[in-house]
Amino acid sequence: MEFFLDNFWVIAALPLFASAFIAMFARSLRRNAWIVGAASMGVALLWSLAVLVAVAGHGEAGEAAANYLTTPVRHLVWADWAPFGPYRISLGLMVDNLTALMLVVVTLVSFAVQVYSQGYFEPSERRFTRFYAAINLFTLGMLGLVLADNLFLLLISWEIMGLCSYLLIGHWYEQEWPRYGQIKAFLTTRVGDIGLMLGIWMIFMVTRDLTWEGLAVKIPEAVQNPATAAMLALAAFFIFTGAIGKSAQFPLHVWLPDAMAGPTPGSAIIHAATMVAAGVYLVARSFMIFGNVPEWVLITVAFVGSFTSLFAASIATLRHDIKEVLAYSTISQLGYMIMAMGVGGWAAGNFHMVTHAFFKALLFLAAGSVIAAHHHNQLLHKMGGLRKKMPVTFITWMVGYLALVGFPGFSGFFSKDEVLLAAYTWQPEALAGVPWVAKLPFTMALITAFLTAYYMTRATYLAFFGEPRDQELYEHAHESPKVMTIPLVLLAIPAALSGWFWAALPYHFTHAEWMKSLEHFLHLPGLEHSVAFAQEATVTGMATTAGLLGIFVGWYLYAKVKPETRAAWIEAAKPLYTLIRNKYYVDEFYEMAIIRTTQAAARMIAWFDDHVVDGLVNLVGDIGVWFAEASAWFDRNVIDVLVVMWADISRAFGSVFRRLSTGYVQQYMVTFAAAVVACVVLFQVFS
Amino acid sequence: MSALTLLTRGESIAFLILALVALGSTYKMVTSRLITHAALFMALSFTAVAGVFLLLEAEFVAAIQILIYTGAITTMILFAIMLSGLAEIRKDRETRGPLWMKSDPLVLVVGGIFAAFMCYIYAAANLPEAITPESLPTVKAIGSALFTKYVIPFEVASILLLIAMVGAIILTAKEAE
Amino acid sequence: MPPINWTQAVNPNYIFLLPELIVVATALLVMIADFYVSQKRSLVWVSLAGIALALAGVWYGATDPAIRAAMEKGRPLEFFGNMMVADGFSFFLKAVFLGIAGMVILFSVDFVEKYLRGMYLEFYEILLASTLGMMIMVSSADLLNLYLGLELTSIASYVLAGVLRKDPKSNEAALKYFVFGAVASAVLLFGLSLVYGVTGTTHLGELVAAVRALLAGEAVGGMTTAAVPVLVTGMLLMVGGLGFKVAAVPFHLWAPDVYEGAPAPVTGFFSVGPKGAAVGAILRIFAAGLAVAGLAEKWVVIWAVLAVASMFVGNLTALVQTNIKRMMAYSSIAQAGYILVGVVAAGNLESALGSAAVLYYVMAYAITNLGIFAIISHMEQEGGWVTLDDYRGLAFRNPVYAWALMWFFVSLIGIPPTVGFFGKLFIFRAAVDAGYLWLAVLMAINSVISVGYYYNVVRAMFLEEPGHVSLHTSRGSMAAVVISCVGVLVAG
Amino acid sequence: MSLPIYFPLGLGALLFGIGLWGALTRTNAVRILMFIEIMLNGVNLNLVTFNRYYWAQTPESASLASIFTLFVMTVAAAEAAVGLAIILSISRTRGTVEVDKFTMLKG
Amino acid sequence: MFMEHALSWIVFTPLLFALVMLFVPKTKEKVLWWLAGIGSTIPLLLVLPLLANWYSTPASTEPWAEGMKFVERILWIKEIGVHYTLGVDGFGITMLALSCLLFPLSVLASYGYIKDRVKDYLILMLILMTGTNGVFVTLDFMLFYVFWEIVLLPMYFLIGIWGGPRREYAAIKFFLYTLIGSVIMLVGAIYLYVRTGVGTFNMLEMARATSGLPVDTLTTFAFFALLVGFAVKVPMFPLHTWLPDAHVEAPTPVSMLLAGILLKLGSYAMVRISHPWLPQVAQRYAGLLFFFGVVAVLYAAAAAMAQKDFKKQVAYSSVNHMGFFVMALAAASVLPPDLGQVALAGGYFVTIAHGLISPLFFFAVGMFYERTHTRELSKLGGMFLTVPVISFMTAFVAFANLGLPGLAGFIGEFITLTGTYPAFGLWVLVAGVGMVLTAAWHLLTMRDVLLGPAKKEYEGLPDVTWKEKLVFAPLAVLIVLFGVWPAPVLNILSQSIETLSQVLALIGGN
């Protein structure tokens, strides 16, 4: 095991090798590229597992390197990578507990996706190798991100992932939507990146260091000075904008739904499991900054996260495209993680990141399976009853579904619970005077839990239950090949079970040293939590209730209520309340009222998203174009004209002087004499 | 010494007469229509100025003035006029340019203004009284200076004349067909 | 009257006079040989040999131990009744003038054969006489001698301008040159008479002493400080006369007409020869004769104004010309402006760089411009091609000429590594050193403006299709072009 | 010398001025040539006057103006010769000696 | 013999070959191509041993070449103290190597592209090479100026004869702009020379003398005179308008050189002359310089976005990138030396990276143009489906150009702003917006040109040729290499950067 730990860099080297190999021998590999990719990723996965075990064997991440940083277990540094004057940007890779865990997550998802994709793509697919090269490059980026021992390398990996995201969204670039989506994704995240870079510059200015270890020492010193503390707070805020962009938080979330234009396996790994979580990872990793600077930064983080989660979940309730539902769901869940970071639930946030990676990747792949079986139809209202046709897909989907809605026992239950608990116990000093404000994130998160359950139930029902709505599509639907279902199963296992690591069962029951409770495993030095059982019970109860309620509502609305009635309700709810009031069943009346309100809110938020946020983005774009044209105009018409005018003026003067030369020699002489006389006279006058 | 006594001195009277002759004949150069007449008046003007040179005790200059100017140059000009039939009559007034510039008396006016201006400068310079010369330029002194100290200019002048001759030949000779 | 031993005062030194004597001898030899030699073309070689000998004479004189020793002491020897002076200045310019004459002879061979029916005698004799006048001008220590040299140059120039007697343009150029020149020299002479009147001398050395004394408040032969205005007036009138010679604005108006009308080889000669001599005279009179604190400040202003006017008017007017010779006339007016910047710099008595810069520039300009005119005259003789249109596609018709012309333009603009660049560089440095940064800046701006019209030619040559048939080369002009090309590079 | 120096100097300036103006305004080339001679005459008068009044202390200096004048006259003669030759030459090709007819070269 | 005068050989070998080629008849094109190829490759072969021996060669301690390596010195013009002095430091050798690399590639790229007047073309190319190499190695201002101007004419003709439809306009615009700049620069230098009375034009000795001058009107004038001369070449924001025209009209290989090397003459001259000579003035006006730099970044990005011509976009991106360099230089003038070094290293790295990337980008544009005969974005499209390899190359270089990490373009820009931020604070956000816009237009252009359905009229276009691969490969390899491992470049630069940052911070040294 120590051998694997010592050579952990191999994990990153494997996808690099695979990517380069596939790109170079694309022509001869063709369809076989998947073998290269999957094989290398399989090795990487095993290697990561070995590393994880070895790291776990090193015990609890007890001794802190400093505030908010665990001691890396292994650390490789290429010190002389980029000497910029007296400061050297080193290229370092390190492994600590969080990293070890993330390695497994990333390699597992990547492995599953690479196996799955081979079945997903049609035989006529032209850019198969391109997809594999990009996926492997992406995996390299993500691994680099989690292994990076400094902000700079993190940024590089970050951008490489951005590139791959761009490439994968635009996979079918003959069509309009992917071309639109890829640019939107790249640019929107780029806006956040600028913030991130700015944060890095500010931090460098204060500390002259970018390594985590260095920062963990220098930031606490630097915040002693109020001025630098303020600047660092600003820096932290800017770094957070990077996370907002990458993790699709409000208000930069708009790109993620459009990122669904890419092939579904790519979406699964990039836009669900890993890359979008990089923002969360960034906040988690740089907690020595967030945790030390003035509190308002973390409060901002908490509110942005919780608001996003609610906001996105409400939108998701009305989406018709299965992938879009999942996309909004992803945004919403990312909001959870961000909120967890903001409220100090560092371990909870990371935990949710891990479980979410599993179940959301699973959901996406299952959705992909459905879509592939359905001739690339993604619309929910054309599906229905698929559970009979695609049993494996259905079961795995259900695992993911239960995990997402937080059904007790599934991974999502534990992680969501922890997140909510952290939000519940959150008591920032700055908000001590207004406790209800401090409870807002929790409240919003709880509503989100309900909404999540609702829309997932709705989607599940529409896709798998009931009668087929489009008979022709239904007839052609079939279960996916093994190469697709096996990865689903592979992912379903952790999606279902990974939560139990948190539950400390292994720890409490066996006291086994090899695997501690994840809570302890992910313990961040300097961030202490003590939670009373009563609180824990309350939160669990509330969350479970909310989830179950959501499930029920969804189930009821779609399974019990006839579509015509539902339509009628919606129709009726539209103009006036009075019609709804006149409905026969009272409880249904309540339910209806809730739906109506939710729908109205969702519509409003959707409208806001479509008009205000998108409008703002478009406006910015328009201003950019206008400005661009203005400056081009300026170039053409002012600067150039000045040059030309100058030439014209010269010529005009030339013509004037030329007129002096009339050909009459006596006029010349008059000029001559006049000039001489003028000289003489002027000199007499002036001297 | 009052202005009147100055003017009534013999030298002054002689000078004024000579100057008037010079000016008058120069003015006639302007006004006479025939170019040959103008040339003759030029000769007269030169002669008058030669008289002034005599007044200034520059006998040698006066002599060569008569010889070269009155004699050689005038003759040459007259010859050229006669040979080439350039002696046609033409009123300058008919020509181009502002007419007032061509008016005859204006010549005197402008000359007068120039002279007045120069005299103003001389006066402003407060030119001293004349210094009695200790020696006068005798022909002997001039001749010996010409062949000793001024030998180079002398030679140059000779080449100048040679070139003028050759140049005149080039410019006027008929083609040796 | 006591007898005076004039010979003692005269101090003849014929070694110093050697170049002049050789030139005179060559001129006479040409004249005489004309009667006996049937192969007239050989007279070219005679003339060239004479010039080479004269150049050797210059070198011989410049290395004469006595003359050298005196030069190094800073008090150059004066000969022949203090009429001539032997200093580095004169030796340098003499060599330049001899070179100019040689080049002009070289590239005018065809011209003389074709248009003058082999009148080698007259043409070369007059050319040599003009050169002699220039040499006298720059080695004079006395205004009288200088005036005579100037007149010798001028009169020979009038003849040269009109040498094509059947050509109305040539006649007209000669007449204009003559009328304007005669008036200008009269004005110069009037100024000279005033200077003489105040200082009582025409010798430059004595002139300096007298002026210095006058300004210091001492009486000079009855004249007092009050007489300085007369001196200044005389000086200004001389500025007019010399300004005419160098074709400085506003005394320049004759130049374009004369340059256009005169045959191209002669124009080439005018543009560098008499102009260079006049520059030499200006330096002699002003930077040596009137270089007295209190007076220098005054004439510096005048020359600075003329320099600026010349640069701008010359360059701007050249922009709108279509006749190459006329364009080059305006170009040479502008070049006169640059030279005058150097003269202005020479007016700062503490900074000793001006004169040397001017001399170098004259040489640079001569080398370059002669090259240009070698090509222009060849073009003119081949088909009367003198307009921009006629130069279209020259790069295809005769690439050597086109590239050479381009190269000369580069030198005139002042782009390294050409001699023109170093000329400009030295003038810049002199001007800046003398405290005339603004003049240097204006000069720099002007050298950019000048690109405009050179560019017209270059564009016509390289970027447009040829309008005429291909062009033959002649040995004479080719030799001149090659010499210039190499000179432009090597001297730089 | 009792004649005030302003007299001859004034005459010289007057002659010079008249000559100059004449040369500037008269169009007949020969006449212009004559006016130029007048101008030179004015110069000569200046030279001799200054010499006689102030600078005739030694035989050497006393003869300077005379010699200068001699040379000026020589030059004037040469100029006249060449000038007349040019005028003759142009009258052959153009049939006139009026200088304002000669505007072939301009611009 | 060779190693002692290696720099001279590097500079003058192309000229020698050009001279030889003068006497080769123009019908023997094959011989001419070979001669040009060899003549431009020999300097590359000569520069390699210099790089190899870089660290083992001690730097000179002579006052006229302090800190320089491989120095040579011969008296040239005694009167004004001009020596033929050669020597390189980190700034020089990197640029020299870049120039020696790009010229052979450019000659190679011309092969088959240039078809008429081949002889003239190649001779001009070699003369140009002598000029640029000379600028990078000379230590004497006069010599520098000579080489600087030698560059001007060949470039003028290369654009004016072999360029596009508006070539005359573009060529003369280029010529005039640069000439105005350079004459003013000359006056400024002469002024300093005279004012200090130092008696030599040696750059280092001049710097020692001039950096002690007070900041007054005239030194300010001199500084801006120098700066304008260099800024035109760089080109700095308000003086940049010649560049898009020149690029659009120039033939592809010439564009490569123009972007790759000619612009670097300006940036090199700034770090070698204007700033070390008058650091005190530079410090006073650093804000202004920064303003121009940052505006260039934003403005050029925006302007590029609005262009409809592919090549013009790329041209504007040069302005954009060089803006980073200007910002870095401005920042280094006001920062303490340690941070100043960061800014300088970043800024200079930008120029090097740009020297590798932009030629390649122009080459890519040229490849399209050669095949489709258009550069209009609206007429291109779907190239990935038509010519996949070329499209891949283009995409690669576009990403390098927009500053993708892992490729050389990113590191310089990032480090530049890292160093600039402490000096100018949040103003760097303007540059940040510029970076977003840059990314935006690259993506939009790629969408228009490469992506989308294949166009009928371009069906059956030939894909990449061996020649094109040969041109592409070396640069691409270097872009990746320096993107993932910048240390080789930075180590060579480090000593020079340290010295310069101290000079700019007005500390010690001189």
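So that you can tell them apart, the chains are marked A, B, C, D and E in the order they are listed, and the count of residues begins at 1 in each.
Keep in mind that, in the parts below, a residue touches a chain if its C-beta (ideal position, glycine included) is under 8 Å from a C-beta of that chain, and two chains touch if they have at least 3 such contacts.
On a predicted model such as this, the values are computed, not experimentally measured, just so you know.
Using the average of C-alpha coordinates as each chain's centre, A ends up farthest from subunit B. Among the pairs C-D and B-D, the greater number of C-beta contacts is found at B-D.
When each chain is reduced to the mean of its CA atoms, the one lying nearest the mean of all protein CA atoms is E. Inter-chain centre distance (subunit A to subunit C, centres taken as mean C-alpha positions): 80 Å.
Averaged Cα coordinates give subunit A a centre that lies 39 Å from the centre of subunit E.
Remark: subunit B and subunit C have CA centroids separated by 31 Å (rounded to whole angstrom).
Computed from the mean C-alpha positions, the centre of subunit B lies at a distance of 71 Å from the centre of subunit E.
Those residues of subunit E in touch with two or more other chains are numbered 176. The multi-chain contact residues of subunit C, meaning those touching 2 or more other chains, are 1, 4, 144, 148, 151, 155, 158-159, 162, 165, 174-176, 179, 183, 187, 221-223, 229, 233, 256-257, 321. In subunit B, 96-97, 117-118, 121-122, 127-128, 131, 135, 138, 141, 145, 149-150, 153, 157, 160, 163-164, 167, 169-172 are the positions where the chain touches two or more neighbouring chains simultaneously. Residues 12, 16, 19-20, 23-24, 29, 32-33, 36, 39-40, 42-43, 46-47, 49-51, 54-55, 57, 59-61, 64-65, 67-68, 71-72, 75, 78-79, 82-83, 85-87, 89-90, 92-94, 99, 102, 104-107 of subunit D are the ones touching subunit C in the complex.
Touching subunit A in their complex are the following residues of subunit E: 173, 176, 238, 241, 244, 299, 302-307, 337-342, 344-346, 382, 384-385, 399, 404-406, 410-411, 414-415, 417-422, 426, 428-429, 432-433, 435-437, 439-440, 443-444, 447, 450-453, 485-487, 490-491, 494, 497-498, 501.
By the touch criterion stated above, subunit C contacts subunit E in their complex at residues 356, 406, 410, 413-417, 421-422, 425-426, 428-429, 432-433, 437, 440-441, 444-445, 447-448, 451, 455, 459, 462-463. Listing the residues of subunit A that touch subunit D in their complex gives 658, 661-666, 669-670, 673. The residues of subunit D lying in touch with subunit B in their complex are 1-11, 13-22, 24-28, 30-31, 33-35, 37-38, 41, 44-45, 48-49, 51-54, 56-60, 62-63, 65-67, 69-71, 73-82, 84-89, 91, 97-98, 100.
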